[in-house]
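Consider the two complexes below, in which chain A is the common component and chain B and chain C are the respective partners.
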Partner chain A sequence: MATRQTQFLARSLLTPAVGLLFIWMIVPLALTIYFSTLHYSLLDPGSEEFIGLENFRYFLTDPAFLASLRNTLVLVGSVLALTILLGIPLALLLDQPVVGRNFVRLMVIAPFFVMPTVSALVWKNLLMHPVSGLFAWLAKLVGLTPVDWFNDVPLFSVILIVAWQWLPFATLILLTALQSLDEEQKEAAEMDGASAVSTFIYITLPHLARPITVVILIETIFLLTVFAEIFVTTGGGPGLQTTNIAFLIYAQALIQFDVGSASAGGLVAVVIANIVAFFLVRIVGRNLEA
Partner chain B sequence: MGQITLQGVQKSFGPVHIIKGADLDIADGSFVVFVGPSGCGKTTLLRLIAGLEDVSGGKILIDGKNVVDTPPAKRGLSMVFQSYALYPHMSVRGNIGFGLKMVGLPKDEINRKVEAAAATLNLTPYLDRKPRELSGGQRQRVAIGRAIVREPKAFLFDEPLSNLDAALRVQMRIEVTRLQKQLGTTAIYVTHDQVEAMTMADKIVVLNGGKIEQYGSPLELYERPANLFVAGFIGSPKMNFVTGELALQRGAATIGVRPEHLKIERDGGGGWQGTISVAEHLGSDTFLYVDAGPLGMLTARYIGELSLHAGDRVSLVPDPQRIHRFDSGGNALRG
Partner chain C sequence: MARMATTRRVVISTAMAWLFGFLIFFPILWMVLASFKTELEAFAIPPSFLFFHWTIENYATVQERSDYFHHAMNSIIIAGGSTLIALLIAIPAAWSMAFSPTKRTKDILLWMLSTKMMPPVGVLVPIYLIYKTFGLLDSRIGLVFILCLGNLPIVIWMLFTYFKEIPRDILEAARMDGATIGRELVYVLTPMAIPGLASTLLLNLILAWNEAFWTLNLSTSHAAPLTTFIASYSGPEGLFWAKLSAASTLAIAPILVLGWFSQKQLVRGLTFGAVK
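Then we have the complex of A and B:
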């Protein structure tokens, strides 16, 4: 892209794609902003009128908002912690030369390809069901009272399901990073007298800093909007115990049919996502600089 | 002390025998170079001594103690890798001091030793830089610093100069040799470059196909190669080999003459007649590639400038004292 000619060419070739993406983004955003200022209820058609920031006041002062914000952050934080803390040892294991390694790797990656609704159903009905689930059967086998997962520890159950889905992603990223670790560096550490633990702490872990950052950033983007797992298993309940921001917006729009307030909630979610992204990039983003 | 002895060392990867029984005696304080074509097992042999590979048979003695079951760190050796293998997220100070930190030395003692090593290698201004901020030659020196700071019984070098450009390589070659002499520590150095081997070594081990072909001082190998392989491998340009009638006259299957031992005369003299196909004029030397008909292509070297050109007829007269004779098995005939 050195000459003026190639610069012009590059810009004109990029324009359609950039333009399309821009329209794709700006139209929904503009409409959402527009709707968020209206009194717009599907139960009361024809009564749309401009009400300023009333929807925002309503959404932000709703006690459900703070509860769902807390749930969202707990969900994101717990799943991130679980996937990384389990993903690192799992990646280390999968990096060992064992018979059938490729098959084992494929099996470990598998949960990532199961769609969220299906995996949530499997967990709800086959594993966590208090009467017919596998966990209940196991508990009875050792003489314990089965746990009624979605009533007793609803948020923890959702966290388990989501973590199970995202663990393969973290493992896969960390595994590829491990494989790119220079063999001679490990040998140099061995010659330097480093034990396996020291090699892990001083050589492997610093090498993984960047991929861990990538995992945190990408997972956060998706975990802020977890919806299907909650919809299928708990429906946000009991009470508000598993309602996150995404589910609260859904509830506003399609259970209470209040499009205006849901739009306001959507914009609040955008702002929250940006705040989280800002802090994340501040904290872990410098790992991405070469 | 750093006396290393190999007794019948073997290594195979599955059915492939990489090292087919190596016996070697490396004296304390000597600089020994393993040289050979790629795939000859020289790096494997070094890694066996380092302990990064397990032997399939035989013994490795360091100062008389068999170390085949000793882990690498406990053998008291340190290694400089081909890729340098510096720890990218540690500063130069951290890299050099890592081995000492692992031994559990107190911090101020580590600092003292690291700074002493850095001073020896002119690395003091770079102590707080990361490896990626250093040039190739500086990285090389950090790798060497990491090796010397542990005061090992022996240094192991695995083709350490092959990633440097030609000028820097010559400079580092001299630095490494000087450093080794100054410290008086045994060094084993692997290279495929016979010039490096000839210039740096006290003794050279020529390896081919997993076997030690010859072990001796550079000039011994040059003057009395044990077989055809060593004769062809040591010396540049390569030794000329002649078979057939001329060899039989001297009671050998093959005779060899080095390019510098062929006297070049204008056509009409005695010796081997031929036509120059390529003449290389370097100023300091003149290399002639001569098509000698039934004898094949011969290379001749003249010290200084010689104004002969492609197409000229010349005759090459071998120095009778410097003709190497080999039997049909390729082994040198003496006397």
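Then we have the complex of A and C:
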């Protein structure tokens, strides 16, 4: 029985966390909203004035915004597709009887623990360098012309690096879900004469629907704000080819020092993330009831 | 296992699993190998895979020229400090929500989760300006603070899901036997909560160690942790591959080991309990 005393205690234990998170959420967001209505440049101090929605008009009609929105969508979509389409077969493979499975699993999951700046630089230099990279050497070995990755296909190069980092996450979650799949169900299907393919389509895949949704939502939240990989490899270029929304806002804030416009951009990013978050919170919330 | 695995099937799946596992791991392996090469060999075409002149001179140079341990210490302070403070705030909160839930508990939990969804770039401008005003740019305390807040929702969530699994009956029994709340906390709850606490600690150390948005934007030299330090190698091309590899190997080795230990909890923590 919860007495009034324990209730009071419970509430006072909860307060610091709630209070801090509340401040953390409200104060910067309120400031972002406030700055987004100002003409405010750090290069021109003292010239702040209220300009209404002018920053939003500027940010949303800037060709760089459309380019970066497109890049963001391509980046998120491609990495999602790659990690899930490769993650499903990989998880199925690791769910098979494999000698030394634990060791293989360690190798597969390792990229997830590598800090983004390290993976980006290792790929950029050691693997993707157009002259001395390993890929260039392999290409010449089979008689192909080496690809100048970050000049010819910059966005695709970034996608490859980010997909490599997130493939372990998708695989691990799908594998965890596969291992909780009832073995007897599959056996019963096999006894009834179901082929491996139809067992996969009618039993395994439906079972994976929920973990796949979770992977999509969580990856999307992180992929919308990919930053370090772009920062250390291309710096958003060449031109705007690898500038995503996160990088565009960073460039406006800390390279061009345009506080107002960067704040308007920040709010656009918040809105986009909230659309995704809406669905994720619903799925996780449903799980809380169980 | 009820189903018979034929030898042929085991051989094929083992070979394929090892092949793909090796391919995925290869960039890391390649980096570790490069860290033991001379700069000339690291850059050489055709590359040498194992038969090169092994040297540890890069590791010494990295420390000498760039004070590697200073940045490693920053990483330890920032990741460790932010995780510990987050735990101190989160333990009472999670305990309270798991054991004295009210009808608003679910809403509070979901609201906490939603703060984690806010893209950091959305608040980059105000945080940068606040830090600039208060002299917190390039300070360890500033980074500890922001990483702590950033990870707090995950810490609370993980602890909550672990605390929820502690059977209520045991608490009832302890109370029946006349245990006060303080004694209940020390003698009954803490021992049962330690595994959950340990995995929460581990996962958040990893997340904070690898965090590369705030660390890149808010630190330059004095407070720069390893993420920022490694990023400083992005400038000159080709000249420092072996040293970059040595610095990178040192930077990821401890976290790789921790990560391998915590892979089970990783799924649970990162999916907020939606996949176990």
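FYI, the second predicted complex is superposed on the first by the 258 of 290 C-alpha atoms of A that agree within 3 Å, B and C clash if a C-alpha of one lies under 4 Å from a C-alpha of the other, contacts with A are read in each partner's own complex, and residues count from 1 in each chain.
Here, a residue touches a chain if its C-beta (ideal position, glycine included) is under 8 Å from a C-beta of that chain, and two chains touch if they have at least 3 such contacts.
Just so we're clear, the structure is a prediction, and the values are computed from it rather than from any experiment.
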After aligning the two structures on chain A, examine chain B and chain C and state clash or fit. fit
Tell me which touches more residues of chain A here: chain C or chain B. C
After lining up the shared chain so the two structures overlap, which partner does A:S198 touch, if you call chain B first and chain C second: first, second, both or neither? first
Contacts of A:L21 with chain B and chain C, given as first, second, both or neither: second
After lining up the shared chain so the two structures overlap, which partner does A:H207 touch, if you call chain B first and chain C second: first, second, both or neither? first
Looking at the overlay, what does A:E187 touch: chain B (first), chain C (second), both, or neither? both
Chain B to chain C: minimum CA distance in the overlay, Å? 6
So chain A touches chain B in one structure and chain C in the other; where do those two contact lists coincide? 184, 187, 190
In the complex, chain A residues that touch chain C: 2, 6-7, 9-11, 13-14, 16-18, 20-21, 24-25, 27-29, 31-32, 35, 90, 93-94, 96-101, 103-119, 121-127, 129, 131-132, 134, 136-137, 164, 167-169, 172-173, 176-177, 180, 183-184, 187, 190, 210-211, 214, 218, 221, 224-225, 227-228, 231-233, 245-246, 249-250, 253-254, 259, 262-263, 266-267, 269-270, 272-274, 276-277, 280-281, 283-285, 287-288
Parts of chain C lying in touch with chain A, wherever the complex brings them together: 1-3, 5, 9-10, 13-14, 16-18, 20-22, 24-25, 27-28, 30-31, 34, 42-47, 89-90, 92-93, 95-97, 99-100, 102, 106, 108-110, 112-130, 149, 152-153, 156, 181, 206, 209-210, 212-213, 216-217, 226-228, 230-231, 233-234, 237-238, 241, 244-245, 248, 251-252, 255-256, 258-260, 263, 266-267, 270-276
Listed in rising order, the residues of chain B that touch chain A in the complex are 50, 52, 71-74, 77-79, 81-83, 85-90, 98-99, 102-103, 146, 150
Residues of chain A touching chain B in their complex? 182, 184-185, 187-195, 198, 202-203, 206-207, 209
